[in-house]
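Each in structure tokens, the structures are laid out below.
The two complexes that follow have chain A in common; it is paired with chain B in the first and with chain C in the second.
Let's turn to the complex of A and B:
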């Protein structure tokens, strides 16, 4: 599990770029599409915002594995570290 | 007998005000919406004077949340104007069939501001990814698309891209669709925001944009940079905005008890077939004559000519000559003004804003002035200098001419219930 600070940041990126309503709580285990209802274009927007914010590259091959909020946070933690 | 085409809603969003009331009040008072803008800094722009709708659009406190994904200002401007015109027409309270409402909304440049911003962002990425909202926000017809989506309209949708005549073409094409029976109501207009380095610097390079320095009165006071028909006119000043009209057939107006504001009496469109950027006097005059013929009105019936009047040396000289040719002796009695002195040149949106202002002029029986005017001995018309004028106006003509040699003229007449 990534640290709480990073997880919180990623959740805010998901909320902003994924257009998740302010009143909806976003939890680590929730699925981006099935639980949070993020549509396909907004999902790309989320990945792009993550790339821009953390200076990482999300490979298309990795996208199918990034289904939950925590998956995305772990991806950032792992690849940001590698980039550094 | 052909269906009469009536105006039932009108609106504008301009650098003088976020609605038509504020814009009209500013115009009549002789105010300018042109100023220097920090967002047009010299590191990227050759000119920082322009007409920007402040505190508006993507990222602002007044952002329209329904279209927050689409970062093109032209979409936000167009939707704001459409919402206002739709409300002015009495909708959605008044009855309408959404399948019978057409959308004719143009722009010269569309979402180039979004393209510029996204290109800058993408340049720092480690891969070639581009925002999924770039293409939806870039396409010119997305303005009409979002108006349809947000207002729940489902008739035919067309996006005229006729440079600086886009809005006028939209109004004419809307009327043609109504006459053809393809719809009974049409939301017609245009929106524009093209403050990107490529566009601003491109117009400067063409010597079309005002770019005087030193002690020129416009450099010292940006509100005097745009000065149509003046002896010292020195190019147009770029601005952004949107204008919108709601047209309806007389049948729809009667059936649904809608409120007419004016009648669209005549229109004309033609092509110079002459030059990529220079207008041709002969075809411009022919366009004005064709609109008069289409309206069935004699030249003497026109009580206000709302000029394209860009403040470029070429346009204003050519247009003055066309007015003299078309109106003959009546030209000496015809009030002619260009509101681009106050609003700058909103490219595709300009003619839509000017159409809305003509409708307001008929309603108010007043004529907005040409501000910053200093007489040019070669251009001797009544340019309604500097202050608005109360005047009986039965018919108003608005003309617009665009790069690519595309011309348009509209004639509106006053509506009286008698």
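Let's turn to the complex of A and C:
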């Protein structure tokens, strides 16, 4: 599990780029599409925002595995470390 | 019955195409169109259906087409359209080039010069896969962002096998893709554009679900995929519409229109629908001018096709905007 600070940041990116309503609580185990209702276009926005913010490249082959909030945060943690 | 005959006809066409290709290319195209015209002339049911469709089109545009003449030519061109680019197999590059009149290529050149890749906005008017074949023959860096088309030339099939992050093979999309897979496809397409390549996407694809916009076409309102506009907005790549009309002499007229950009703000301000409608208006204008090149457009609401349409939707329980329907 990534640290709480990173998780919180990723959740905010998901909320902004994924257009999740402010009143909706976003939890680590929630699925981006099925639980948060993010469509494929907004999902692209989420991935692009994550790439820009953390200077990581999300391989499009990895996208199908990034289904939950925590998946995305772990991906950032792993690849940000690798880049460093 | 209608579907069964279509399947038989497709199979027959596949059988005779190798022999037809032995003819001079223009004669081969005219021969194939002749099959459709003969069906129109001798098949009462088909003639009634085509005439009805053409009448609906004429009524929409408020024009007085010669229904029998347009119907006959349309029947011929529909068969040519169904052969995709298969009649071009076996021809050398010069032989292919001789079959095309090209207008507006400077618009594509100007768009390429922007260095952001180009979205080549295609459609299902005329010979819709011929622009791809023509560009590939001239070694333009072209990729298709659509479902893998069936029954195309061996020449294109070989090009479809290109591997790697920018290869064509991984760019084909599936209508069964879930939103994650669709997002991956859009990211991949964005990378291809960033590499300066040309990406052919159809702008007249009716679809349901996310990434669609409501627009009118031939007097009816449908949901259309807006993926091309989204990609243009996200990547900044210019959009160049392309049309390819089938001419009666067996050749083609390829037309590139002036390019335009879709600002990034169009996504946030929900303006993509206007771009989708503009694209469809351009297609409608071509249909008005050349109804014999309208292929299936007049049949979209034909009750005889309802079963086919329903079948397509049944096969696509969770449609994505990146997929093709029509």
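Everything that follows uses one rule, which is that the second predicted complex is superposed on the first by the 84 of 84 C-alpha atoms of A that agree within 3 Å, B and C clash if a C-alpha of one lies under 4 Å from a C-alpha of the other, contacts with A are read in each partner's own complex, and residues count from 1 in each chain.
Just so it is clear, a residue touches a chain if its C-beta (ideal position, glycine included) is under 8 Å from a C-beta of that chain, and two chains touch if they have at least 3 such contacts.
What you see is a predicted model, and the numbers here were worked out from it, not measured in a lab.
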| task | Identify whether chain B and chain C fit side by side or clash on chain A in the overlaid structures. | result | clash
| said: I want to verify the contact counts: of chain B and chain C, which reaches more residues of chain A? | reply: C
| said: So in the superposed three-chain picture, is A:41 touching just chain B, just chain C, both, or none of them (first/second/both/neither)? | reply: both
| Where does A:52 make contact in the superposed view: on chain B (first), on chain C (second), on both, or on neither? | first
| message | Contact-wise, after the overlay, does A:61 reach chain B, chain C, both or neither (first, second, both, neither)? | response | second
| Thinking of the overlay built on chain A, is A:33 touched by chain B (first), by chain C (second), by both, or by neither? | second
| query | Which stretch of chain B would you flag for clashing with chain C, going by 23-31, 131-139, 203-211 or 293-301? | reply | 131-139
| field | Where chain A meets both chain C and chain B, residue numbers | value | 41, 44, 47-48
| request: Could you pull out which chain B residues touch chain A in their complex? | output: 68-69, 121, 124-127, 129, 131-133, 136
| request: Within their complex, state which residues of chain C touch chain A. | output: 178-188, 190-191, 210-211, 230, 234, 267, 320-322
| Taking the complex as given, what residues does chain A use to touch chain B? | 19, 41-42, 44-45, 47-48, 51-52, 55-57
| request: Using the touch definition up top, name the residues of chain A that touch chain C in the complex. | output: 32-33, 38-41, 43-44, 47-48, 58, 60-61, 63-64, 66-67
